[in-house]
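Starting off with a structure, shown below.
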């Protein structure tokens, strides 16, 4: 195991230090990007940092030594990328209305998702397919939304993974409120396992007022919530520099809770830092903001054409920082995974893709009639009236059909 | 002039330093409160600080040596307090629907208002009567709103002082947009004097999403705007600790522009720091957040009863920090103002109060008919239709009256 | 039976809700120590503590948004919006999130959040403190909207809102907060989403709700002196609307006046007029006539009495209806 | 005369506005480099620069709020909201600030801000991308709301919105963006706040606007085959509404169908039905019948065709009207 590149690194998060890491993406001042697994596949042996004046040793949270765990992180990333490719293909073939690719963000999503305990609850935006995987959500269920047969697709309570929210930032206060509920549950029954929530949002969404208000509430009530911002550099066509001139992790300072920037393409660090943040939140110390510095390697959605607004060169620059490639390099170099592992995984992914395709083609549209029942929990005369109209109206066509 | 208390003070705003000032209000970490004029009436000879890594010498902005200027600051504070008292009395006597007192915040308001250049434009909330005075707004015009005869009261373009805005924080993006307009004006005509805007808001309003969004816009476009937060400790009955656990000045860090906390009851420092911030903004360096740490010495409004939620003891603790008393002490001790000055001022204020009362009693209500014309700039058939109805309807009563 | 003001009745209703269900909690600005600017939550923080009566940061989107999260965790949050005109920063959370959660989840998730909004004018206040924005919520499916007009309804309807599985907005007629009435705390009133016929008549029907109910009753009494028998319906629920009760009445009386403080244009009166015109087309002797606010921002206090629908405005509308 | 799509017509209209007045500027998400998700602003940043075609941070309240500030400084900002369902974070600024500024200042201040909102369904999209929230703005005095249904109107109405001294919301029928039409760029169309009779008839009137105008025209054509002569009015302006034109028509035809995609309950159709029922009471042979969306969040793409008012739904309504 190559751990010579760095000693137990001491990253002074608050100071204006120029990062010494090869992975430091660009020259934004004021914050260091935490990383143990470098793009070249080398792994540092430890990770400590000073965060908001707090000295943190992340070593207890680092899975760097656990070969099985590292392989399983790789497996998750690999599977979800394959899922992404298959979904893109399904969209191209007209089987999905739209697809929102995650390629490039596997490290951020699998790392943070794997850090969650079963009792934690995740609030995604719309791109968190990797987190869904870690929560055990049936992946085909995600495609229901994009096939246009539902706005949901799964029961969030089963896997503690909320539905996708398309109004940017709107889920962030929900995560805080849910966390406030967890606090009250804990008070009422201290034997419950402490739990936290995690709110996912993007660099673009960070500008919305709801992000601010949820951070104010979280800080005020010490809510057990981790704000997880995937800064993938783009909000559709708008670079993150329009949303902020300093690292988004620094937003936390203004609310008095810790903000950390991690290399979002380093799944090992993402997992460790998220585990630390969740544990801190669960223990009553309040929220943490994690900025996962990553890159949207694909288009915003299948309806988007990035050549209109970004250079292929930029895309190519991020290629060597791919979250999968570096872990594969490390696993191979350290002798923790052999060809057979990768071949088996390829086969597993192919089978998954086949199943997925089958599941999608089998998804049928609901009828509009059924939608009337989902608006209210309790009886509602207007719904009844309109449903009656609709049934009669449709029946009229059926009759016509019969007569014709 | 007593300036021995402090040498040219070096306040490390970003460090976690415990303030050494007698006026440091309480033990919030992470920021220092800038002050030259202490509650005991002693004046420091200079003021420097490191703000967001920038070393700032405020001396060029300090009016501490200019006796005439100091007296005029005192005069403004004195007059506006008298205005506040008279308005409160008018409300008690049923001449106003409501009154929003500013007592205690004269230092923050006069200091910041006097820092403005004529071409700057101020966006108040609803308590900024002191700023209105410094802008030359006819004070009785402010009372039109509280007498319920208008929602405005003056032409904002005449004095570059916007109308009061009652939806908290809503004026903050207006200030940023106006500043973006100033930027464009400057580009189109570089011979224009550089100008900036100032957005006033409270500790409570700081939690609203609009504050965040306006800071995001301001930072993104380097808009020449100064965010001026009067932290008067209370949002009606809610202490500022509910809105934030760290000094509000620190919010700026998250956006990458400077945040400064000043003793809001030290009019000299408030003016100096605001002048620095405005000049910085005008010169293209982008926004600054100033938190003026002060105290609402009176009720939230005349409809409010603070005994329901705060201790008289707390109110008493702030008494010795009164912004007027300390400047009076200093002016007298330094021999810059004598009894005659204060007596004349008292007489001037009394005369002003008499005029004010007369003006208020003379204010008559508009008729509803006139309100139809103010909704749209251009002709509008629904307005015309409703106005016609209303006129006929009213005429019906007049007819009835005649017949009876 | 006890006599209490509407404000007190809501206070007692909230107290009962807090007692009946440990999952209920109150959130809002100044609702704790102060007991709300109208003292509707007076004493509740003292008795139920800061975890159940929460003085929130000053942020309406945050209030509604965190309430949704609490509801997802099984709580029943009751939010107070301080004044009608200040609900708009929370409009996005109400319209795109709260209202749609159930549909979005195909009926799996409920968000039984209650939003209390003191509304309406006539209190001599300043801008944004006298508005009637109910129509802006009624158009959105997934919400329910009720508004009590008397203490008895106030006491029960707030509790019914809390136990309802759907999100409910309770518009509280703030200028009637001090209106006293008898409250029977032992026997709940019936379906909060039904309209009540408060006075029966044969010649015309007035539909009103919230603050205008006493005005409608007074107008009917005045009309009686002129020899017209006028029925008065307290709508009580703005979404859904109990069209059956209104239709039944209009079928008998042949004339309908709808009165609300909100501006007429685009107001809920249009919905009532349109639907009743359709349902009772052949019974109508005159068009449905709406009495409401004018198409302007709520005017300043000194002229509000000319703006607000009053007895005379309703009588004038009745005259027009009778003229057909 | 040139043939262009509605999207291109708006693009050309914006270009003309930018050329005619140096104080105009565009603001919104993705409108610069990308030219907007619908390419409506394509090429404008390249030609007018980043100071006049501004890719804003992702924050709708910030967009509208700063536009108000710019307008106060004498600019004429034209904001793009990316989709109908995403206007709500900006609802507070529109409703409490933009709409009321003129009244608040007793007519001293104007805020001639234009807000462009692509709206409506039928595009097979996901949640929040197919809504018709116009009624939520029409109820608020101080705003004007227009919606073009063809390229000629699109080209001119956007420019008329820009020169109007009042704030104007332009709802753009996104599923008709690629609908082509003739545009005469030399002669402006008349008053953008007036309705246009697009087809005359004698037996009934259909009022529609935006995306449903072609549907209404097709329904009228189909009705003609059944022997009914149906007049079609393109409303064009939702606030104010040109009631004179509609009343004149209904006085002649005696029957009125109002069609919009927005849910019927609380929709603008109720306002039209109520007012026309009052104005043309004695001429109406049948009640005004509304054809609109159902009381549910806009449904998923796979069922939207059953939800959206189409030719058959309008014909069914006509049948009902003729049955009286």
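A, B, C and D are the chain letters, set down in written order, and residue numbers restart from 1 in every chain.
Rule of thumb we're sticking to: a residue touches a chain if its C-beta (ideal position, glycine included) is under 8 Å from a C-beta of that chain, and two chains touch if they have at least 3 such contacts.
What you are looking at is a predicted structure, and each value in this text was computed from that prediction instead of being measured.
Q: In terms of C-beta pairs in contact, which of B-C and A-C ranks higher?
A: A-C
Q: If every chain is reduced to the average of its C-alpha atoms, which one ends up farthest from subunit C?
A: If we average the C-alpha coordinates per chain, A ends up farthest from subunit C.
Q: Quick one: report the Å distance separating subunit C from subunit D, using the average Cα coordinate of each chain.
A: Inter-chain centre distance comes to 30 Å.
Q: Nearest whole angstrom, what separates the Cα centre of subunit B from the Cα centre of subunit C?
A: 37
Q: Suppose each chain is reduced to the average of its Cα coordinates; what separation in Å results between subunit A and subunit B?
A: Averaging C-alpha atoms per chain gives centres 43 Å apart.
Q: If you average the CA atoms of subunit A and of subunit C, how many Å lie between those two points?
A: Each chain's C-alpha centroid was found; their separation is 41 Å.
Q: I need the residues of subunit A touching at least two other chains; which ones are they?
A: 150-151, 167, 207-210, 213, 216, 220, 242-243, 371, 374-375, 382-383 - these are the residues of subunit A that touch more than one other chain.
Q: At least two partner chains per residue is the criterion; list those residues in subunit C.
A: In subunit C, 56-57, 59, 61-62, 85, 88-89, 92, 96, 100, 103-104, 127-128, 141-142, 239, 265, 294-297 touch at least two other chains.
Q: Which residues, counting only subunit A, touch subunit C once they are in their complex?
A: Per the touch definition, subunit A meets subunit C at residues 121, 150-152, 155-157, 162-163, 165, 167, 170, 172-182, 184-185, 187-188, 197, 209-210, 213-214, 216-217, 220, 371, 373-378, 380-383.
Q: Can you check the complex and tell me which residues of subunit B touch subunit C?
A: It comes out as residues 97-98, 145-151, 166-168, 204-210, 235-238, 242-243, 303, 308-309, 365-368, 371-372, 374-375, 382-383, 386, 390, 393-394, 396-397.
Q: How about subunit C: which of its residues touch subunit A in the complex?
A: 22, 25, 51, 56-57, 59, 61-62, 64-75, 77, 89, 92-93, 96-97, 100, 102-110, 112, 141-142, 144, 164-166, 193, 239-244
Q: In their complex, what parts of subunit D are in touch with subunit C?
A: 85, 88-89, 91-92, 95-96, 99-100, 103-104, 127-128, 135-136, 138-142, 239, 262-263, 265-271, 273-275, 277-278, 281, 286-290, 294-297, 324
Q: Considering the complex alone, what residue numbers of subunit A touch subunit B?
A: Contacts found on subunit A: 16, 30, 53, 207-213, 216, 219-220, 242-246, 250-256, 259.
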